[in-house]
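Chain IDs A, B and C follow the sequence of writing; residue 1 opens each chain.
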Amino acid sequence: MSNSSHLELTKVGIDFPTPKGPFTALQNVDLKIQKGEFISLIGHSGCGKSTVLNIVAGLYQATTGGVLLNNKEVNEPGPERAVVFQNHSLLPWLSAYKNVELAVKQTQKGRSKQEMKEWVEHNLELVHMTHAADKLPSEISGGMKQRVGIARALAMEPKVLLMDEPFGALDALTRAHLQDSVMEIHAELGNTVIMITHDVDEAVLLSDRIVMMTNGPAATIGEILHVDLPRPRNRIACADDPKYNHYRAEVLKFLYEKQRKVESVEEHRAKKKTSNEEKSSNVA
Amino acid sequence: MAKKSLFTSMKHAVKSLRIGMISVAIGSAFVASNVSAQELGWPEKEELKFGFIKLTDMAPLAVAYEKGYFEEEGLYVTLEAQANWKVLLDRVIDGQLDGAHMLAGQPLGATIGYGTKADIITAFSMDLNGNAITVSNDIWKQMKKHVPHEGGKPVHPIKADALKHVVDDFKSKGKPFKMGMVFPVSTHNYELRYWLAAGGIHPGYYAPHKGDTSGQISADALLSVTPPPQMPATMEAGTIYGYCVGEPWNQQAVFKGIGVPVITDYEIWKNNPEKVFGVSKTWAEKNPNTHIRVVKAMIRAAMWLDENNNANRPEAVKILSKSQYVGADYDVIANSMTGTFEYEKGDKRQVPDFNVFFRYHATYPFYSDAIWYLTQMRRWGQIAEPKSDDWYKEIAKKVYRPDIYALAAKALVKDGKAKISDFPEFATETGFKPPQKGFIDNIVYDGSQPNAYLDKFAIGLKSDSKL
Amino acid sequence: MNKQQTVPSIVNQVKNVQWPSFNTILSTAGLPIVGIVIFLGLWSMMAKNIDTSLGQFPGPAAVWQQANVLVDEHNAQMDKADKFYQRQDERNAARVAKDPTYQPKIRAFTGAPTFFEQIWTSLYTVMVGFVVASLIAIPVGIMCGLSKNAYTAINPLIQLFKPVSPLAWLPLVTMVVSAVYVSTDPMFSKSFITSAVTVALCCLWPTLINTAVGVSSIDKDLLNVSKVLRLNALSHVTTIVLPSSIPAIFTGLRLSLGIGWMVLIAAEMLAQNPGLGKFVWDEFQNGSSESLARIMVAVLTIGLIGFILDRLMLTVQRKVSWDKTAVLR
C-alpha cells in the first residue's frame, strides 16, 4: 500500500520559533494520497491546514517526519506541486495571459514558442477566461482572478494541485461556478488535488476524502471521511441525496461537537484567562 | 521665449556645420601653396578660459574680448567671474583656468609658498591705483571731528591719524575694531596696513611659522578677509566698520548710503601698481606663443582704455556694467572710471589718475613693483625670516617676466598697432623704477634696497627682526 | 441677416453644452488663480515696503520686466554668436591662406552663457547627478530589500550620510575631483563634475531607502509564486521584485529629483558651475539696482522647473506603475 501511494505524509510535525520558545503547530500528520484523488482539508481557523499545505508545497520545512511524492522527498517548492493561493496572487502588472505565460515559460521549457502559446490559451480556455486574456488583474473580478490563478497552476502540469481556500474570498454564486469548473477540470485531467476549505458543502461536494483536523496547538488529523458519491456530482441532486447529507452531518459533527471551538463569550473569556495563566506559569 | 532660443541654437548648429565645410574646402585648396614662416608663431592653444573677480580693474580683459583683440590674435577666450580670490588662484593652479586677473601679491605669494605653493608668473600689469578705503557712516561721523576742514570740506588726503581717535576709543571700551580687506596677499591688505600704520594704528602681524595666518598679532585694528563684491553687504551687516577694496565697491557704499570712502590708494601711494595678469609657469612654458598673444591683446585693450585722455571710458563703463562682467549700475562704475571719485555723498572730486591702465608704463611688469609687495609681506610677517636684497630680486625676476612683455610689445609695433615710444626703452630698461616718492608718509621707496626700505618704518618688522 | 441668426443659435448651443458645475470650475481652475492673485497682491504690497540698500524690493512688474530683459539679452547674445562664427570663418580662411598646413576648426562661441543656457546647464547637471545616483541607489536598495543582513550592514551608513548638507560635501568633492579627474583635454569641466557628484551624493538616499522598503514589503504570496516557479535569482529580481517595487522606487526617485534640484543650486553657487546657482550668485555680487529683480526671476524659474520636473516624474510614474488605483499626487 505505502509503495503504491502517490503522495505520502509521514509523521509530519512542525515547530515555529517564537520569543517564548518553539511552538508546535503540527504533530504526527500521517496521510497517504492516491493518484487522481481529490482531498479536502477541513478544520477550524488556526488548526494548521495551511501549514500542511505549505509543507507539501515545500514552502515550509517539516521539523519532524517528511513528505514523499512518487517516493521522492519533498524539501523545496516546485512546479510539480502547483499552488493556487487564497488571494489569487497574480502578478498585478501582468495581464491574465502573461501571468499564465510566465508559468509556462518557466516550466514548459521543452515547448516551442507556438506550442507555448497554444498551451497558455488552452489553460485559459479550461477556466473559461479566454475572453479576458489581455486584462490586468485589477480589471477583472475576484472570481475571474481565481480562475486565472487556477489556469496558471494547471499550466505547470503539476503532479499535485494544492489549493489554499481557493474560493474563500468569493461570493456564494461565483464560488458555486468555480466549484463546478474545478470538478470539470478534475474529471478531465485527473489531477491529484489537495484543497483547504472552511466550507462543509464544498468539501463534501468536491472531495473523494475529507481530512478533518483537530484544533491546535499540536494539531493533527482527527478523522478521515470517505465520500462515496458517484461522479459527476450535481449540487442540486446532491442537496436531496441522504448520503450527501449524511456526510455533511458527519463533518459538522466533527467540527462543532468533537472539535468545538465556537464558545459562548463567557466561556471564551474564562478559557482565555486560564490559558494566559497557563502560559505565564509555563514561562515561570 | 524658450522656443526662440531653441530655434536660434539650432540655427547655430546648422550654421557652424556649414562654416566647417567651407573652411575644410578652403583649407584643402590652399594646401599646395607655400608661405614664409611667421615671426610670432601661431598660438599653441586657441581656446582659453580666463577668470576674473568683479572689479573695474578687470577692464583690460573685458575690452580685449569685446573689442575683438583676443580674436585678432587667433584666441578664443571665455571670461568667467570667480567666487573669490582663493577659488580663482586654485583654478589657475589646477588648470581649470588658463589665466586670470590677479592680485599682484598672488603670483609672488604662491611662488614663495605663502598660502598655496605654486609657480605663477606674470608678464602684464593690469593697472595702477583703483582702490580706496571706506568706513561706515557711524565711524565717519566720529572721524570727521578730527579731520581738518577747508571751505566746509575735509582736506584730502585724510590720514589715519583721524581714525586713531576712534580706534583708541574702541580700545578703551574693550571693543575690537574690525576692518575688511580682500585677501591676505592683496594690494588692499598692504595698502590698508600702510595707511593705518602711517597713522599710528598697528594692523597686526602674521606669523606663518607659528601657524598664525590671521594677521592680528599685536593689532589695534583687526583685519579679515571678505570677497570684494560682498564688502558693502558685510559692512552694512555691521560685521566690519570699514574696508579697503577696488571699484565699484567703494562707490557702491556711497550710492547705497552705507559708508564714506575716506582715501583712495592714489593718495596713499601715487600710481601704485595693482592687479596683474597671472598664469601658471608650466602653462606659460607649454604655450609661449599663446602667452605673447594674450599679452598683445591686453596691451591693446589697456591702450584703448587710456586713449585720448580717457575718451573711451564711458564705453568701457558700459561694457563693465553688463551682468557677466562687473554688473554694477552704470552710474556706480562711471563714478570712478571716468576720472572722478565721490567721497562723502555729493563731495565728488577730480581724480584723473584713479584708474590708470596704460600711461606711465602701467602695463610693464617692473621688478621694483614686485619687490615692494615682497617688502610688505616681510613687514607684516608673512615672510617670517630675514632675507637678503638678492633674494628679493631673485624672486621678482622669477615671477615678473618683462621679457615676455617686450616680445609682445615688439610684435604689436611690427603689426603697426603701437608705437615703440609707447613702451619703455627695452634695451636699457632695468626693471627698477628710480626711487619713488609720493607715499602718504613721505618715505621714499628704492626697489634696489628692500632691506634698507624696511628699516625706515616705525611700525612693522625691520630687515632683521623676527617674531 | 446672417449675424442675427447666428447669435441666438450660438446662445442655444451654449445653453445646451453641459457645463461643468460651478464648483468644479472653482476648485480646478479658480482656486489656484485666486491663490496666485492674492500672492501677487501681497507680494507687490510687501515689496513697496521693503527698502534694501539696492533699492526697493522688486514687485511683480519689475520681475516681469527683468524676465523680458533676460530674453532680450539671450537674443542679443545669439546674434553676437552669429557674428562670432562669421568672423571665425573669415579668420580661418585667412590663416589657411598663409599657412596651408593648418587644419581649420570651429570653436564654440566664447560669450557668457545667457540665462537660458544656464537653465540648460543646470538641468543637464542635475540629470547627470540624478541618473548616477539612481544607478547606484536602485541596485543597492534592491540588495538591502532582499537581504536583511545587507540592510543591517548598510543602514547605519544610510542614516549617517542622509542628513549631510551638500555644502558639507562640496569642499571634499571639489578636492577629490581636482585630484582624481586629471586630463589634458577634459570632456567635462571640473565644476560640472563637482556639482553633479554633489547632487548625486545628496539624492542617493531617498531612492535607496524607498527601494529597500519597497522590495522588503513585497506581497509574501508573490514571493511564494516565485518559489513555486523556481525562478532563478535574476528572473526573480526582474519579473517579481522590480515590477512590484516600481511604485516605491518611483516615490523615492521623485523625492530624490526634488532634493537634487534644490542641492544643485547651492552646489553651483560654490562650484562655479555655470548654471542657475551661479546666475544667482553673480547677480548677488553685481549688486546692481536690477540684481534683486533678476534673482527673483531665477527664484521663480527654479521653482517652476522644480514643479515641472516633479510633474514629469509623476507622469512617468503613472505610466509605469501597475497600481492604477493608487492616488499619486
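The rule we apply is simple: a residue touches a chain if its C-beta (ideal position, glycine included) is under 8 Å from a C-beta of that chain, and two chains touch if they have at least 3 such contacts.
Note that the structure is a prediction, hence the values are computed from the model and not measured.
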item	value
Chain whose averaged C-alpha position falls nearest the assembly-wide average	C
Relative to chain A, chain with the most remote C-alpha centre	B
Cα-centroid distance, chain A relative to chain B, in whole angstrom	88
Distance from the mean Cα position of chain C to that of chain A, given in whole angstrom	52
Distance from chain C to chain B - Cα centre to Cα centre, in angstrom	38
Touching residues on chain C, where the partner in the complex is chain A	219, 221-222, 224-225, 227-231, 235, 239-240, 243-244, 246, 322-325
List of chain A residues in touch with chain C within their complex	57-59, 76-79, 81-83, 85-87, 89, 91-93, 102-103, 106-107, 136, 138, 156
Parts of chain C lying in touch with chain B, wherever the complex brings them together	53-54, 71, 73-75, 78, 81-82, 84-89, 91-93, 95-112, 114, 116, 178, 189-191, 269-270, 272, 274, 281-291, 294
Interface residues, chain B side, partner chain C - complex	1-2, 4-5, 8-9, 11-12, 15-16, 19-20, 22-24, 26-27, 30-35, 38, 42, 46-47, 54, 65, 68, 71, 74, 76-83, 87, 90-91, 94, 96, 227, 229-230, 232-233, 236, 252, 256-258, 321-324, 326-329, 332
